[in-house]
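Next come two complexes built around chain A: one with chain B, the other with chain C.
Right, the complex of A and B next:
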């Protein structure tokens, strides 16, 4: 419960009279006040200035401001589209409410953290699906997508191992490699981590749940040979993701791989019965199918969430 | 050689060594704790079968 509330509660604002700040569309911000503010104050563009948090010297141009009919919401319209991935700082001059001066405010506008996590998750699973748009992990992908059961087994095992490995990779990267300036050893350490988590899951599963081990044992070893398993830690290190973001990325990558495997297995099961020209039988037609899937997944690139 | 680089290299060796040792010991302990007696029958059957692969 606590975690959820921490995730859901967005940011604190620098002024008591400001209830909420949020992005709207691609070029607007909405400031919600606790009570009505004066129109003369709200409609003057010069009372507000905004910049992206990392670049305080680049002041964004505000085209106009509008006040909602109940006078509690001010919408800032910007001349250019906003980079909603970054936090923005808005400074407002002395807020006037019914003639009263409530002091100046410095406000932070950023996306809700859960929204950021969802973006990373959906991004890794669909928009930048590792198999169909980045062409990673193809060897395991073609090796285990002949039957639906195998495909799902591989996908599930991969997701579990990936999440373990990614969270450990995040911890090691942030708390060991970066402080000691050893980031050039990323690849070596991350490969070791993946093998470690595979070996760990193997050892523990063998004892704790032999049935599951029997079903998953074969695929466990294959996870080491999967290039997605090394791509995910490298990406999270490159983008300086936090722990939760790394978790979302790994989960997205795993589920994306599972989706890819399952879709491919469904098609390949049917291809067994189809009349394929002899020269295309087996892997060639599978590659053609994967190409068509990749084309279809391009459709997700226009998807924008949150 | 630049003493800074030497220091970096030594720190790298030491840190990776520590990480390796830590996880190695961890895995060894896990292997001991979750030890499973292998069934001798499995070995026997595998031995009797042709098993080219």
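Right, the complex of A and C next:
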């Protein structure tokens, strides 16, 4: 089976009898055929084999297959959850349709690229919010979440710098560090890059929009002290993200930070008026509030868009 | 040359108690919330921070007369980043399992405010010896706070210390959950405040 699937890759891509392939839930794939297929063929798990595109050696276990009532849709149920961010190759042997052998097919199953980008974006902003589920950037988070105005300013400036830095980090990592095998210098290069982007945004903003600079300039320095600013380049290097994916990650991280800051600032403005026990005043109560937010953000963990 | 009159012992003890990075200065809170689930994590990350703090302080102290004031912050950052890379590679090579448990936090030491702050406030004006003791005190203070947090969470959460079953039951499983980090740090800070307030009131009477 493995040999067949390996041999078929490259010489045949797709099959004219197969109309559509798609992921379903976390452990299923649906193959839609142009006409009815035979149940005896479809129900035999051994007629299908699947692997992730980068690892042809690791064959995924298919637990069972089911045929829809109109016999045009076969659902493959896998034993383990699939990594739906990766393209999968399915090979099907001798498709039988009404007794006719239509030959073997090698099919690619992958998500729409925009879907992948949306998953990364929403993932960074909500599901894996850097502040509430990864516990990063807390110094700046607690320092600038006292007033709503400050919170928004910090969030916006951070997002802008992050997007600049992440796209540059991606370019530097993919075209300089990786080809020359200098990936052990990641930390040194990325922290320098973040400082440079801060300086760059500072210079550009000062010239282009002095009003905006006057309002937001003070937050620029704080960006370097934020662990998220160095975490994002490290994550995109570890996961080998492409340019657009890096962009989506940085935008998501920035927006997630902005959301976290704004929510926290709203609560802390009200806490000012509340009767807090003396030993809890200031940071302790802010931490407890953040803990409640963290619990609330756990609710996003089940969110799946594509 | 030296601007402080404090003795080396005093510098060392200040870092651990009076100017404790986590409980007193409230800097570098990310690891205190994120990975303080066990004593072992505290010891390992504490060691890494101690190493980076001491070596960065010594490096900056040695070259302090050659740094142009305008580029001092980038110099600090790159010095820290270099030592972080060293400890990162060492830990990844010798304790791979524990390194994995700490995730990205070892590499994120580069963005910890406490180290840059010590370089800016202390190591850039003081001679090598004093900077060494200051760095050692600050690093040990961080390690101490991480171990205390880890011990509280491990003991109350799973009834264990350093992986050994101490209590035989689990008082509050909630404490080892990742999102409980915020609560634990908040409650600990409130607890220390409460002791301080009580102590001052007693002294006042």
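Observations, loosely collected:
Methods note: the second predicted complex is superposed on the first by the 224 of 306 C-alpha atoms of A that agree within 3 Å, B and C clash if a C-alpha of one lies under 4 Å from a C-alpha of the other, contacts with A are read in each partner's own complex, and residues count from 1 in each chain.
Heads up, the rule we're going with is that contacts are C-beta pairs under 8 Å (C-beta built on N, C-alpha and C of every residue); 3 or more make two chains touch, one makes a residue touch a chain.
Predicted, not measured: the structure shown is a model, and the values here were computed from it.
When both complexes are overlaid on chain A, the residue A:279 reaches chain C alone and has no touch with chain B.
In the superposition on chain A, the chain among chain B and chain C reaching more residues of chain A is C. In the superposition on chain A, A:175 makes contact with neither chain B nor chain C. Applying the stated contact rule after C-alpha superposition, one finds that A:185 touches each of chain B and chain C.
Applying the stated contact rule after C-alpha superposition, one finds that A:200 touches chain B and leaves chain C untouched.
Overlaid on A, the two complexes show chain B and chain C touching the same residues of chain A, namely 185, 188, 192.
Within the complex formed with chain B, the chain A residues making contact are 172, 176, 180-182, 185, 188-189, 192, 196, 199-200, 203-204, 206-208, 210. Put simply, chain B touches chain A in their complex at residues 8, 11-12, 15-16, 19-20, 23, 26-27, 30-31, 34-36.
Those residues of chain C whose C-beta lies close enough to touch chain A in the complex are 26-30, 33-34, 73-74, 77-78, 81-82, 84-85, 88-89, 104, 107-108, 110-113, 116, 178-183, 185-187, 189-191, 193-194, 197. Touching chain C in their complex are the following residues of chain A: 132-139, 142, 184-188, 191-192, 195, 224-227, 229-231, 234-235, 277-281, 283-288, 290-291, 294-295, 298.
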